[in-house]
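Input: structures, listed below.
Look for chain A in each of the two complexes below; its partner is chain B in the first and chain C in the second.
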Partner chain A sequence: MNKKNLIDGLKLTFADIRVNKDEDELMKIYAKKEQVKTILRYLKDNGYDHLALVSCVDWINEGEFGLIYILTSYADNNEAYKETGDVYLKTRISRRKPETESVIENFENAEPYEREIHELFGVDFIGHPRLIPLFLDRNYEVPPFRKNFDTRKYVKDFFESIPAVSEEKT
Partner chain B sequence: MRELELFFGPQHLGMVGNFSITLSVEGDKILKATSDPGFLHRGFEKLMECRTWMQNFPLVCRINVVEPDHMEMVYAMAVEKLAGIEVPERAHWVRSIYLELARIASHLFGLWAYSNMLGFDTAAQWAMYHRDLILDLFEELTGGRVYHIYIWPGGVRRDFPEGFTDKIVKTLHSIGKSVPDYNDTFFKNPLFYERTRNIGKVTREEAEKWGGVGQVLRATGKPFDIRKVEPYAAYDKVDFNIPTREEGDAYSRIMVIRDEMIESVHLIFKLIEGLPKGKVYNKVPNPFKWKIKEGESYVRVESSRGELGLYLVSDGGDKPYRAHFRTPSYSHGLTVLEKVLEGANISDVGNIMISMYVCAPEIDR
Partner chain C sequence: MDREQVIKALKDSGKWGHKYSLWAVYFCTGCGIIEIPPSITSRWDAERFGIIPVASPRQANLFLITGYVSMKTLKAIIRTYEQMGEPKYTVAFGSCPINGGMYWDSYNTIKKLDKYIPIDGLIAGCMPRPEAVFIAVTHLWKMIDKGTADAYKKYKNQYKYYRRNQEMALGKLKWPPLYPIDKNE
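Let's look at the complex of A and B:
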């Protein structure tokens, strides 16, 4: 299988997806959030068996979160991968109701990534077995990696309200 | 027998770094393990969104304390890719030599942690001493011992001083002389063999399923190395081997690390031999006004622990819009470790964790 077959196969199997076709550009697949799980399955079956990263970007002006899954391959003889390089699977979800399906069934190492995105961006992953805190030990009103989280205000409110040691004693 | 909950770390003799594992144990057998990396959160990725492209260099190198140089490299590569900056030929070679030195220093630090934890204090002290010799080289080259900020977009900050390559060769020879001593006291010591053989076994299928990279995968016989898969710097211009083992246990992981150090030394000699002449730095725009066009990039390098990636997004401004590091310890510490610890013995927790080279600062960026 080469790059052209892969793109044709993807377009044939999934409706409404957009694949970046530039020759020397990165291969990016734009899909709806409902399709992500099946596309990942399809790519995994076609040799893209290493999920390198799941990341989230807060596009606040457009009112959306961008989720991105970066896939690479472990195999040495993967013809399509040699042509395409890393594959970016991208989807957008609404900021108002940020939820999408978990992909742990396809890639087990997505589990901590989804936990992290849930904690830092407030995205809910349906079907995730444990969306428990990963890094943070306090509750935040706005998840801290969102663009509308005001770091300065948070520092001011949180740390300036703690009295200095000398004041506390008197 | 009664099931108990045991907190392994962050304050524990067998634990290296700010990391904790909550274990459910029955007797001394582990039923379930839950990693908790959140003791160090510094929010670097958020902080990077508030700093200009150049101001971020002192930040990224602090993400992983043990090997700041690969962090610099991956960030510089991402910025170069976004901004379309070319790097002079000599800078590629200088970067490779520098990164290989960093790999040896990091492996020696890991060797210290591992042998210290298993009680081989002599080898641990040697490793610390030999790492110091490499840090001396870094100090001469960059002015800093641990954090160097040497690699910049467009090349490296300064060229090697006169006679520096000879110094590298001399230092590496003096470290290389101790390899038989290391073998006798540590690597080929029957006590070490007994302690690590068949401990923390991972098969190749499991390693691939759980997102393993680096030593975890190479110890199962798979020569997966980003330096070969997706060559960067000058790694495609010299020939080198990727050490592998077949068993996939703690012993083979450590032996892979040992072989890698030796291979890195040979690689540095080859790189020094072929080092071309020329400039080492292409000028970048004024850092205070530098805006990078809209775009995104994912770049990866082979750090001493495995695949280290960076997903960097620019919205056309003078700061990154989003940065996300894919660190090798992330999958190893949070996915592979939890699965491998199920059914293991309490006394092997630290052993398994350090043999996978889990480094907490890398997980909790």
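Let's look at the complex of A and C:
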């Protein structure tokens, strides 16, 4: 199976997905959020056996979050991977109601990535077994990686309100 | 050591002992710790200055805070500092514990470490070279000689304010106060 077969198979199986045409670029698949799980399943069955990263981007002007799943392959006989390199699966979810389905069923190592995105962007992953804080120790009103989180205001309100211990007082 | 120093050492042998046996607690915060392995090994050989890293804070009396301090690390720093035996000396290493450095507008990194624990000396730079550590140590020697390296006494005297700041940052602390807090004031 080469790259052309892979793309043809994807387009045949999934109705309204888009694959970038530029041959020089990395292979990117644009899909709806409902399709993500089945596309990942399809790619896994075709030799892309490792989920390298799940990432999130806040497109605040468009009112959307972009989720990116990066897939690579460890299989030696994967002909398509030699042509495509890493495969990027991109999707958009609404910023007003940020939730999507968890992909832990397909790739177990998605768990910490989804927890991190939940913590820093406030995206809910349905079906995730434990969406509890991963890095942060405090609660923030707005998840801190969202574009509308004002870091300078936060620093001014929180850190600068703590007084210095002066030299004179004994 | 010349003859004058022999008399000085005999006169105040405690200070002499503290000066030349600064044992550093091997506590890694942030990126600055990358400068410590070359400092303590053969290239710069910190043992010339009496500095050796030790595993436990109970054996140490020098605390090098190397690099930025996140909220979780601050909790660990306070606990480690309180476990060290007196006399204890703190040196903040790099620009991040001084005023935030490049993390001046970060949401999760504390900006001024001396609001939470007392600090004897500050080494500026991003990163400071190992030579800067030794300059700081020789300054610390002078301070110990003069008796001005007394941040741990300040911590004792003004513990109320330090504890207040720590609780403002971290919320209610789970361990009891190290020194009694006078509530009448």
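Rule of thumb we're sticking to: the second predicted complex is superposed on the first by the 165 of 170 C-alpha atoms of A that agree within 3 Å, B and C clash if a C-alpha of one lies under 4 Å from a C-alpha of the other, contacts with A are read in each partner's own complex, and residues count from 1 in each chain.
In this text, contacts are C-beta pairs under 8 Å (C-beta built on N, C-alpha and C of every residue); 3 or more make two chains touch, one makes a residue touch a chain.
Everything numeric here is computed off the predicted structure, so don't read it as measured data.
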Per-residue touch tally on chain A - higher for chain B or for chain C: B
First, second, both or neither for A:P163, with chain B first and chain C second: second
Which superposed partner A:F107 touches (first chain B, second chain C, both, neither): first
Chain B versus chain C as contact partner of A:Y74, first or second or both or neither: first
Chain B versus chain C as contact partner of A:Y154, first or second or both or neither: second
Chain B versus chain C as contact partner of A:F14, first or second or both or neither: neither
Which of chain B and chain C A:Y42 touches, first, second, both or neither: neither
First, second, both or neither for A:D137, with chain B first and chain C second: both
Which of chain B and chain C A:Y30 touches, first, second, both or neither: neither
Residues of chain A at both interfaces, chain B in one complex, chain C in the other: 135-137, 144, 151
Touch list for chain A against partner chain B, complex: 49-53, 55, 57-58, 68, 70, 74, 85-86, 88, 107-109, 111-113, 133-137, 144-145, 151
Partner chain A, residues of chain B touching it in the complex: 37-38, 41, 43, 45-46, 50, 208-211, 217, 222, 224, 230, 296, 298, 300, 307, 309, 311, 313, 321-322, 324, 326, 330-331, 334-335, 364
Residues of chain A defined as touching chain C within the complex: 135-138, 140, 144, 149, 151-152, 154-155, 159-165, 169-170
Residues on chain C engaged by chain A in the complex (per definition of touch): 71-72, 75, 104-108, 110-112, 114-115, 118, 154, 157-158, 161-162, 165, 168-171
